[in-house]
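Take a look at these structures.
Look at the two complexes coming up: subunit A is in both, with subunit B in one and subunit C in the other.
So, the complex of A and B:
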């Protein structure tokens, strides 16, 4: 079943959030308006708002209250994607980063800043101080994750712990906070919003591990980029860490650099796959999913609970 | 009299703020810790915290409450300076921007993001929703100012209005918000904190215009960069706009480009000065100062009021 079908009953409210997102980034500046809107529209599934709305249904669901959390989180997510796209030296070195793209870089940075700032404006409508603390904390962790990702590039000796902490910061906490803030702004008890935080955290971990697996297993058409792109860019993910337990394979993986040829890369990808590391990483992802389901068990039965479980399963098992 | 001497009675509280600033940016990551600390320490006069503290003295002054506003504003200011320093194409074109500096660029961006996020954490300690609205608004305007500055570069046909709006966004509003938030967090009446907002706004406008004048009149040693650097980088400031009222001079100014030689630039700077535009810009700066003093008049007599007036005078009349 397609992901979107699972929460079609939220469509009216998601459309409202779409309008609020567009309203939030309105700017006189045409460059900024177009850049922000383009970014927002290429944003995709709105999975964070979906989590906010579903979690809010465990409390006093009022779309005009919870929408603020949904819009804030989606803007923060989009802003972080923009900053993620600001090219680093690897792109420069390829020689294709012209002065034009460099100028775009600076504009991209400020467009991201602008979206962060707009997120704060929407956030200021939320009155609960705890919500502000959670959001600020999430943003700090997100930045730490981004900086770690730069630092950890091509570090073939990094530990699994480093990897897990990085994906927690870069991905899982934002999903965890989406769940928690949805519940919190709908006035649930601490037990419920903390439980939903943990649920979101585990789902986020599983989501990112699956993403890192798909970078090896999905086709170039499905990914929109060649398989193994993460590794080529120096991002060491779980399948690689598992494969590198074999010293011979580690020596092979360490030959990866950004200018590696397509053929050489294909050999390395196949060697990684042959270790069974993809399957093992899949087991870790499933383990996180199980933990997510366990958190749901403590929640009262509802359509929302059922949907959260279905989304989690869909996210963890997706093929691309 | 030196600026710092004017508010030496705040020294104990400013030292506390210094410690809080350092504590706020603590990070496990050594790169991040060093980068943030370096930036903070090169930050200078802490004029925004000074405004926060002085404004707070019109209410129930409690350093342990108002410090949060002071730290938040200084962190936002520092973060915006970091992003300001992310090189644009002009720096690249000069050929000196190596891969190393490009990598630094990306780290600089995330260090700025990190400081913004830490600012939010401190801000979350402030309970007044109005304070959050003001801070969010200030950050949105700051971003708009940054983006306008990029867009308006080398636009010799921009209006004075464009210039005034840009310096309002880039400089004046942050000082205005510092004054307002100091008062607000100390629980003053709306009349007082709004009056202090206007005071800060006018001081900020005067401050920036003076800054733009000094770029022409101060020595290279005082500025730490050659005179006329703003214009060379395409930033059209008030002295230039006034000078360009003369069509002949406008034609000359339009020949400025980033690779212009030192000698050619000297000719243009002298031509601009010869129009009397520096003095006229100085009058505009003084006019803003007058407006600032007028706002102070409505406030009860106090040491704080006297100091604000002295700082304003000092800032508007400074020689470098």
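So, the complex of A and C:
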């Protein structure tokens, strides 16, 4: 089943979120308005708002309260993509020109900062200090993860721990916080919102590992970039770390550099695949999913619980 | 009552320590601290009935926002063709460092549960970026609009705080003196042969879509710039009179700025 079908019962509320997102970026400057809308309307899955809404259904669900967390998280995610495109010098995202390519780096920086500010203005409608502490920690950790990614580029001796900490910061915490903030704004007990945080964290870890696997296994058409792009850019991911346990393979991987030819890269990708590291990384991803499902077990039976499990499965098993 | 000089010194150390990150420090220059804004903040908070801990957190958070915004101004616009590996890494880290400092301001206020200040500062950041884009795109129909945008870019954070704490005299002073500083800086950049966004915006207002300007047209723009500076000086003097006598340190600083930015007759023509 397609991901969007799994949460179609949330459509009315998601449409409201969509309107709120558009209202949140109604800047005075036409360029700023256009730039912000450009990315918001370019087909994101709104998975973070979905997690917020589903988690909120474990408490006193009031869309007019919960929407603030949902809008905040999507704006933060979108703003970070705008800045990521400057970091990665990317011209395309989801098949459309990035803000930095359609305008330039400066416009992208201002747009991203504007969106971050709007996100916190919306978040400030929530008065619970714990909600702010959770989000603030997530934002700081997200930046630290991105900084670490640059620091660790082409570091072939980095540990697995370094990798797991990086993907936790880069990806898992924002999903975990989406779940926790949804529950928190609906006034659930600490046990429930902490459980949902852990659920989101494990799903996020599984999601990123799957993403790292797909960089080797999906086609260029599916990925929108050549296979092995992460490694070519110096990002050492789990399939590579597993493969590098073999010293000969490690020596081969260490020859990778940003200007490596397509043919040389193809040889290295095939060598990595031949070690069975893709399957082993898949097992780690599944292990995280299993941990996510275990967190759900402690939650009361409901349609949201079922949907969270389905989404987790869908994310973990996705092919691209 | 604070000793403003000591507060500024302590805050500078706190900002440096808060913004410290071993890897960023290794690659990037130390974050620049805008001492004029810090001094204005110290002057404003000096008049509030708050504990020294609260003042410290509020000032530190506000200055972290300023550091974040200033760091993002360092992100280069250059294309990849002319970029070396070091330039690329520098640009990448300036993006991330700015985001990191921004996250730290939020974390400081979230830790103390100061949601009101989160609202005030994020509203300021929003406004500043709206006006930065207007300036960058030179989207002004007249000089008043340009000057008003510059004032917002430079002083929105402090003005919003002053408004919240019902200190209109500090709103007025921050708007005037920070505008004066910016105009003076832009004039100096232009005279040194560098790029001035403000001068470019003035050119666009007065000679729209004209690529080459004659000497007479350039002199005309220089006179306009001097006029803006003189107006800002006048506003600064007027605002400074309204400060209480407790703010001798701030008064002294304003006098220094007024001296530094004093316009000599035909200064652009003579020196430019």
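Remarks
Keep this in mind: the second predicted complex is superposed on the first by the 302 of 320 C-alpha atoms of A that agree within 3 Å, B and C clash if a C-alpha of one lies under 4 Å from a C-alpha of the other, contacts with A are read in each partner's own complex, and residues count from 1 in each chain.
Methods note: a residue touches a chain if its C-beta (ideal position, glycine included) is under 8 Å from a C-beta of that chain, and two chains touch if they have at least 3 such contacts.
Source: prediction; values computed, not measured.
Taken together in the superposed arrangement on subunit A, subunit B and subunit C clash. Of the two partner chains placed by superposition, subunit B and subunit C are both touched by A:116.
Contacts of A:222 after superposition on the shared chain: neither subunit B nor subunit C is touched. Once the two complexes are overlaid on the shared chain, A:137 sits against subunit B and subunit C alike. Shared-chain residue A:127: touches subunit B and subunit C both.
Within the superposed three-chain model, A:27 lies in touch with subunit B and with subunit C [touch as defined at top]. Of the two partner chains, neither subunit B nor subunit C is touched by A:264. In the superposition on chain A, no contact is made by A:155 with either subunit B or subunit C.
Where the contact sets of subunit A with subunit B and with subunit C meet, they give residues 27-29, 31-32, 83, 86, 89, 106-107, 109-111, 113-114, 116-118, 120-121, 123-124, 127, 129, 132-133, 135-137, 139-140, 142-144, 146-148, 150-151.
Residue ranges of subunit C in contact with subunit A, taken from their complex: 21, 23-24, 68-69, 72, 75-77, 80, 88-89, 91-93, 95-100, 102-104, 106-107, 109-111, 113, 115-116, 118-119, 122-123, 125-126, 129-130, 132-134, 136-137, 139.
Against subunit C, the residues of subunit A that register as touching in their complex are 27-32, 80, 83, 86-87, 89, 104-107, 109-114, 116-121, 123-124, 126-127, 129, 132-133, 135-137, 139-140, 142-144, 146-148, 150-151. Within the complex formed with subunit A, the subunit B residues making contact are 27-29, 31-32, 83, 86, 88-89, 92-93, 99-100, 102-103, 106-107, 109-111, 113-114, 116-118, 120-121, 123-124, 127, 129, 132-133, 135-137, 139-140, 142-144, 146-148, 150-151.
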